[in-house]
Amino acid sequence: MKTAIEEILKNIELATDYIEESTISNFLDVITKSNNIFVIGAGRSGLVAKAFAMRLMHLGIGTYVVGETISPAISEDDSILAISGSGETNTIVSAVRIAKDRGSKVLVLTSYPESTLGSLADSILLVKGRTKVDIDNEDYIKRQIDGNYTSLTPLGTAFELTSLIFLDGLISELMHKMGKTENDLKNRHTVLE
Amino acid sequence: MKTAIEEILKNIELATDYIEESTISNFLDVITKSNNIFVIGAGRSGLVAKAFAMRLMHLGIGTYVVGETISPAISEDDSILAISGSGETNTIVSAVRIAKDRGSKVLVLTSYPESTLGSLADSILLVKGRTKVDIDNEDYIKRQIDGNYTSLTPLGTAFELTSLIFLDGLISELMHKMGKTENDLKNRHTVLE
Amino acid sequence: MKTAIEEILKNIELATDYIEESTISNFLDVITKSNNIFVIGAGRSGLVAKAFAMRLMHLGIGTYVVGETISPAISEDDSILAISGSGETNTIVSAVRIAKDRGSKVLVLTSYPESTLGSLADSILLVKGRTKVDIDNEDYIKRQIDGNYTSLTPLGTAFELTSLIFLDGLISELMHKMGKTENDLKNRHTVLE
Amino acid sequence: MKTAIEEILKNIELATDYIEESTISNFLDVITKSNNIFVIGAGRSGLVAKAFAMRLMHLGIGTYVVGETISPAISEDDSILAISGSGETNTIVSAVRIAKDRGSKVLVLTSYPESTLGSLADSILLVKGRTKVDIDNEDYIKRQIDGNYTSLTPLGTAFELTSLIFLDGLISELMHKMGKTENDLKNRHTVLE
């Protein structure tokens, strides 16, 4: 288990090298200027989207999860943040297209900037998933040859975990930029559970 | 199947006789004066709560579903609407107690006004479930003796359906009171699905 | 409020006349013969789908809600039940197409049998929504002229409530067909809330 | 942002040192021998629980998320896995107590093994959250004095991320133990999105 965890952490560290300051700056800009941030993702990427939305709410930023009960019509003053490793998930591409047509800004986390979702984005946060990272990392390829590679981060695991940690990094930046303390977040945290 | 449906409709009709004008008036008052309405329910009653919250959102009334991603801390300017047939569901009683302690108003839909939840309520909308209705309706008792009674509205079915329809009636009242048209609701309906 | 409730009940009663015995029989057949029933719906129709799935689970019938955490790949031994008033909701049409391509049976509740969803269905349960019912009901048309009509059952309200009650009628039929008692359902009802 | 990410990764690395082989072994044992694994968590810990459940489903292990539509009654052949940093979350303690009373095995992820939840557990996976880790890490304390510490991993962030990565490590162990390949998981992955 520790081997798997080390592998996951190495993945995320490697992916961090690809973060560009200008992208972070764009993301922060769109998030703080939008009326509401709508988040969307499928499967475990959808859970990552929710984890991010919860912290945005704690920060006092208007946010909605696509598909939850009280999400209203999106408008041109809102933005949508979509999370998809492949950048081709049907339901997400379809929703993002509608949002873009209504004038909303589009933020995308994906491993494939050249995907359909990438082509719709105003700003793309590149999250190197397993495939791409391999190329930069010889140890990975060796392990893949040994045949036990994919069981360390099966399916979208590397993409999902890296996305979540990147977005938590973004929350930290937002706290700093907005002058918010942990106590401000705590005051907005649900008390009914 | 038609027999079951007739039975369900008869149930709801009978329950309607117990609606008091003063309760409706209290509910409308609390809902329109609250900053946000938090809704809570367990199982199918939780789905009824969500169906109501979605329409409140369509009306432009601030609303949150307890347990969904972006629900913030409840405050004294908010109210909580709880749906529980028995009025004793643990998680709901616990959440309502916390909300009340923080100064929120409490609205309750239940078959048992004398329940714990009932005792915490500022206003109770009585939703006659199966048990109580039986007493007023001889046909029911006869059918119960025949043994095929409970299969028409098993478990909380009668309570849940009646609650949902009562709450949709309340939406109609709110539209009237707020001067909202169906088009106003449509404009706030999600477009991302 | 009582007027709105009466209107809703009248709607459902009228819609009941359109239920065909052969459709019920087809639905029961597909449901009892499938390995698992996947349910899908958007917005309040999605809540109706969940309410139905919960009772299928109580009956011991394998069921999944599309979009919930533990829903696996659908197979040819499964069926999908889709709820959509218009029969044209994008995400639902897309999912049903995939299910059909994999060999799953398709059950549809809609007001428009001639819709895209209708065209994909193995069996259609016609749920007369507001528009269609009007034609059969003069009082409705009069009220519509008075301008206060749509506030009694705004948007998909009539369709959603009628669908829910039809499906609860179906549960009653399933209990009868499978020889299940209310106690059997109770034994499978969650105890963790 | 990179500083925040480094901080998060360091946190997880440190926490990894506290993993005991015997705990992993107990967890694997309970998970593979249970009829179904019920998972529960509140807020972002609840999302972590869902992310884990989704992979268990991909592995073909019976699993349910407490609170989702189709979760049935828990039995003595099932186990419950609860995630709570404090080990004192009301709704979780209450559900776990009920599960334990019915004879289910209890697995817990928490930062406080001496908590109420810890006292109910058959096996505890210690997830060192921020507070505890501080003691082992001087740099942390310095930064805390500087006042910008808590904005790097506000509220339960460190606990939640570490829990998620530990559980993904466990999935890797389960794949190995069960002889499952990534392709086996892919075959059970939902196709309807």
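Remarks
We call the chains A, B, C and D, going by the order they appear; numbering starts again at 1 in every chain.
FYI, contacts are C-beta pairs under 8 Å (C-beta built on N, C-alpha and C of every residue); 3 or more make two chains touch, one makes a residue touch a chain.
The model shown is predicted, which means the values in this text are computed figures rather than measured ones.
At the interface between chain A and chain B, two copies of one sequence, more than half of the residue numbers in use are shared by both copies.
Centres computed as Cα averages put chain B at a distance of 35 Å from chain D. Mean C-alpha position of chain B lies 21 Å from that of chain C. Residues of chain C found to touch two or more other chains are 50, 54, 58, 67, 90-91, 189-190, 193. Because contacts link each chain to all the remaining chains, their graph is best described as complete. Contacts from chain D toward chain A in the complex involve residues 1-2, 4-6, 8-9, 12-13, 16, 19, 24, 42-44, 47, 50-51, 54-55, 58, 89-91, 148, 150-155, 157, 160-161, 164-166, 168-173, 175-176, 180-182, 185-186, 189-190, 193.
Chain C meets chain D in the complex at residues 38, 40, 50, 53-54, 56-58, 63-74, 95, 98-99, 102, 187-193. Chain C meets chain A in the complex at residues 67, 90-91, 94.
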